[in-house]
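I have placed the structure first, in the form of structure tokens, so that the comments after it can refer back to it.
Naming follows writing order (A, B, C and D), and every chain is counted from residue 1.
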Amino acid sequence: MVQKIYSNAVAALDGHLIDGMTIVAGGFGLCGIPETLIAAIRAAGTRDLTVVSNNAGVDDFGLGLLLRTRQIRKMISSYVGENREFERQYLAGELEIEFSPQGTLAERMRAGGAGIAGFYTRTGVGTSLAEGREVRVFDSETYLLERGIVADLAIVKAWRADPHGNLVFRKAARNFNPLAATCGRVTIVEVEEFVGSGEIDPDHIHTPGVFVQRLILAENNEKRIEQRTIRAEAA
Amino acid sequence: MVQKIYSNAVAALDGHLIDGMTIVAGGFGLCGIPETLIAAIRAAGTRDLTVVSNNAGVDDFGLGLLLRTRQIRKMISSYVGENREFERQYLAGELEIEFSPQGTLAERMRAGGAGIAGFYTRTGVGTSLAEGREVRVFDSETYLLERGIVADLAIVKAWRADPHGNLVFRKAARNFNPLAATCGRVTIVEVEEFVGSGEIDPDHIHTPGVFVQRLILAENNEKRIEQRTIRAEAA
Amino acid sequence: MEVLPTGWTRNEMAKLAAIELQDGFYVNLGIGIPTLVANHIGPEIDVTLQSENGMLGLGPYPMADQVDADIINAGKQTITELPRTSYCSSADSFGMIRGGHIQLSILGAMEVAENGDIANWMMPGKMVKGPGGAMDLVAGVRRIIVLMDHVSKDGIAKFRRSCSLPLTGQNVVDMVITNLAIFERPDRQSPFVLRRLAPGIDAALVADLTEAHFER
Amino acid sequence: MEVLPTGWTRNEMAKLAAIELQDGFYVNLGIGIPTLVANHIGPEIDVTLQSENGMLGLGPYPMADQVDADIINAGKQTITELPRTSYCSSADSFGMIRGGHIQLSILGAMEVAENGDIANWMMPGKMVKGPGGAMDLVAGVRRIIVLMDHVSKDGIAKFRRSCSLPLTGQNVVDMVITNLAIFERPDRQSPFVLRRLAPGIDAALVADLTEAHFER
């Protein structure tokens, strides 16, 4: 059987990191982000990255780590708050940002992964994000043309995988991960747990193994919480 | 709680059948087709239907039943073999057919359900199905513009549902069903089995209840097999 | 400087918005005041809350010992599941939104214009953080209610002839609930109508503090 | 009428096609002769078969007591699961195909042209049944191998200057395996090259029975 499971992130990333490349990353905020692979890319020092990710992490966690080391040249994101270093680099002209509305960004990843070159959405019509984009009327509604995204590498966090690369995500940590998995020319996945071949019910698989080239066991599972909100016992 | 579960197909379809309407149906061949709802539409006698379905059933099963009674005016399908009555009506000019390649048809349903007016695909470029469609080059590849589909009514077959309309499909009977469920203005689902609220793991739900307006227990579960292929014990 | 009447509290505004929720609705609540709406959904109606990060059926905040980093809403707050909860990818989640399957979204705004335009993603003089899911919500959800203060901290009317800030969406707002009044329109071709005044607020004051044209 | 040498049997053609399957490949096999290719995949390579109706990881035909109406391939034949099997919707399945995630598809054809065009969905003189998934497969899968008889029942060359029948796809075929010969090209800008002859078949005969230009 083709061996998709690698011993660690360095081994899995070997041969797939090139300065100037485009990387797509799963995760929403700090939820479901590939912590182990981000740390390994930081250690590898790959530069001039274009990173496609809904958010940019915080100063000392997530993609914020790659911003600190100035490894990222451009972000394609929907929201980049909660990150002072991002703001500093952006205002200093050291970092480029392309905003995509969140649903458009998700759909662009899915489209890139599914061989759809472009699609028409109502999102963003009449806003500054529509500038330079084709506008078109279908059935008297106005739509914008948005393009699919294909990245050189996808980094993904899943909950469980089997040796074939079949993936299951856990709760709201699914978010952009299955989409990122489809739109990388190479997709590397870190998981919290490996299970044996045949141990995942074929109706419960979220991402089929065809999209996954390499797998590692996640070593970093901090899963930091951005907004810890709780209610009192009595509520 | 809003009551989505209806006592039978007649009750669930009540108020939703109008001559000349468009109905999208799940299923691939005879696998995963909404047998009970098809029978009820036949009994209701609704006419001049446009039916969006990958296939058209066989002479005496599936959508073939609605062809026999001449309730269908037009089919939008990828493949309509295995149906002599279809052929007879088509050659007699009594039935209109719009062919969509299978993947394009699936994507058109998904697009319609997801508010995507149109998308660009390489499928069909240079073929007779590209006639009258916009052709466009992205990154030196040629693509066709295809339109999303929204139907007046979706009829869907699922395996299990909870009272909220959360659906689970079984094996290859999933096929077009989750897509049809998204692109009906009203979606009615027949299931083999109801389970209680909270009994489906939230990570195992294929179609969230937001897409489902009405549910019934399937009364017809013949699940006819088109090509019964078996191997000998020794193989 | 004259002290202006404050009208409804934020909690009262949320309660007024909650009246708009109907039995069986699927609803997306924005960050900030709109989140408070959840506290006012009565047990007599069946409403399912959606969060655009891929969760349908949001439960309340967890007890301290229930906190799960993988169960968060779009505001990145920890929340809980309900028996009806399902998860999906961000693409499928925005499929619900863009495809018109969510009946109602209640959002905050910096400005709303009389033609239904909304501006709520770029703060004047601050770095642009991005639209998040706001542009998708206003473009895709069938009905949009805005909860906002009637005037800005500087006393400037937020319900305007036209938005001065970059738009989030064009002609998408159906109802505006401020601390002073409620404006609504029956469809997106019609002008807004003043529907209700906060206690102690009269129509003349609202007219004074509103730049938008509205009917009475 | 002269009796033509028949060359490879259908089973031998399938075996020759199976050589093109590499370790780790995801492969879609068309209906008819291509289905036979599955019988020739050796245990030394790890190949996953995909079926466009939403099944990845196809197992063999079931025993009589294993038949399950919900486990079928795109030819509507009953099949079985493997430990690697997963199911998905038709949209996700064609996402794999259209997105270039399937390495190889082996299909039947009525005609192939020297420029790589293929015609395999409309039979002359018969009612059009529709393309099914064939147009998606030839447009989306990275490499396309066609298995077909060298000449039609009427003795007409099927590998042609240009297709006479309506096309399924333009410039998409990479390899043609007939009962008489194998033609291949290194990329889709290059002409086809005659790679191999069936036993007892000489190049002159192949040239006689081929309308397409090919290199030797």
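Brief remarks follow.
Definition applied: a contact is a pair of C-beta atoms (placed from the backbone, for glycine too) under 8 Å apart; a residue touches a chain by one contact, two chains touch by 3 or more.
Everything numeric here is computed off the predicted structure, so don't read it as measured data.
In summary, the chains found to touch both subunit A and subunit C are B.
Distances between chain centres, each the mean of the C-alpha atoms, put C farthest from subunit D. Annotation: B-D is the more contact-rich of the chain pairs B-C and B-D, by number of C-beta pairs in contact. For the pair subunit A and subunit D, the distance between mean C-alpha positions equals 36 Å.
Computed centre separation for the pair subunit B/subunit D is 28 angstrom, with centres defined by C-alpha atoms. In this assembly, the C-alpha centroid of subunit A lies 32 Å from the C-alpha centroid of subunit B. Looking at subunit D, residues 81, 87-88, 91, 94, 97-98, 140 sit in touch with two or more other chains. Listed for subunit A are residues 107, 110, 114-116, 121-122, 169-171, 174, 202-203, 206, each touching two or more other chains.
Interchain contacts give a graph that is no line, ring or star and is not complete, per the touch definition above.
Screening every pair of chains for touch gives A-B, A-C, A-D, B-C, B-D. Per the touch definition, subunit A reaches subunit D in the complex via residues 1-2, 110, 112-116, 162, 164, 166, 182-183, 197-198, 202-203, 205, 208-211.
Taken in their complex, subunit D has these residues touching subunit A: 23-24, 26, 46, 48, 50, 56-57, 81-88, 91-92, 94-102, 140. Of all residues in subunit B, only 107, 111, 114-122, 136, 138-139, 141, 143, 147, 168-171, 174, 202-204, 206 touch subunit A in the complex they form.
Contact residues on subunit B toward subunit D in their complex (touch as defined above): 28-32, 54, 77-81, 87, 90-91, 97, 99, 101-107, 109-110, 121-129, 169-179, 206, 223-231, 233, 235.
Subunit C contributes residues 51-55, 60-64, 67-73, 75-79, 81, 87-91, 93-94, 97-98, 117, 127-136, 139-140, 166-170 to its touches with subunit A in the complex.
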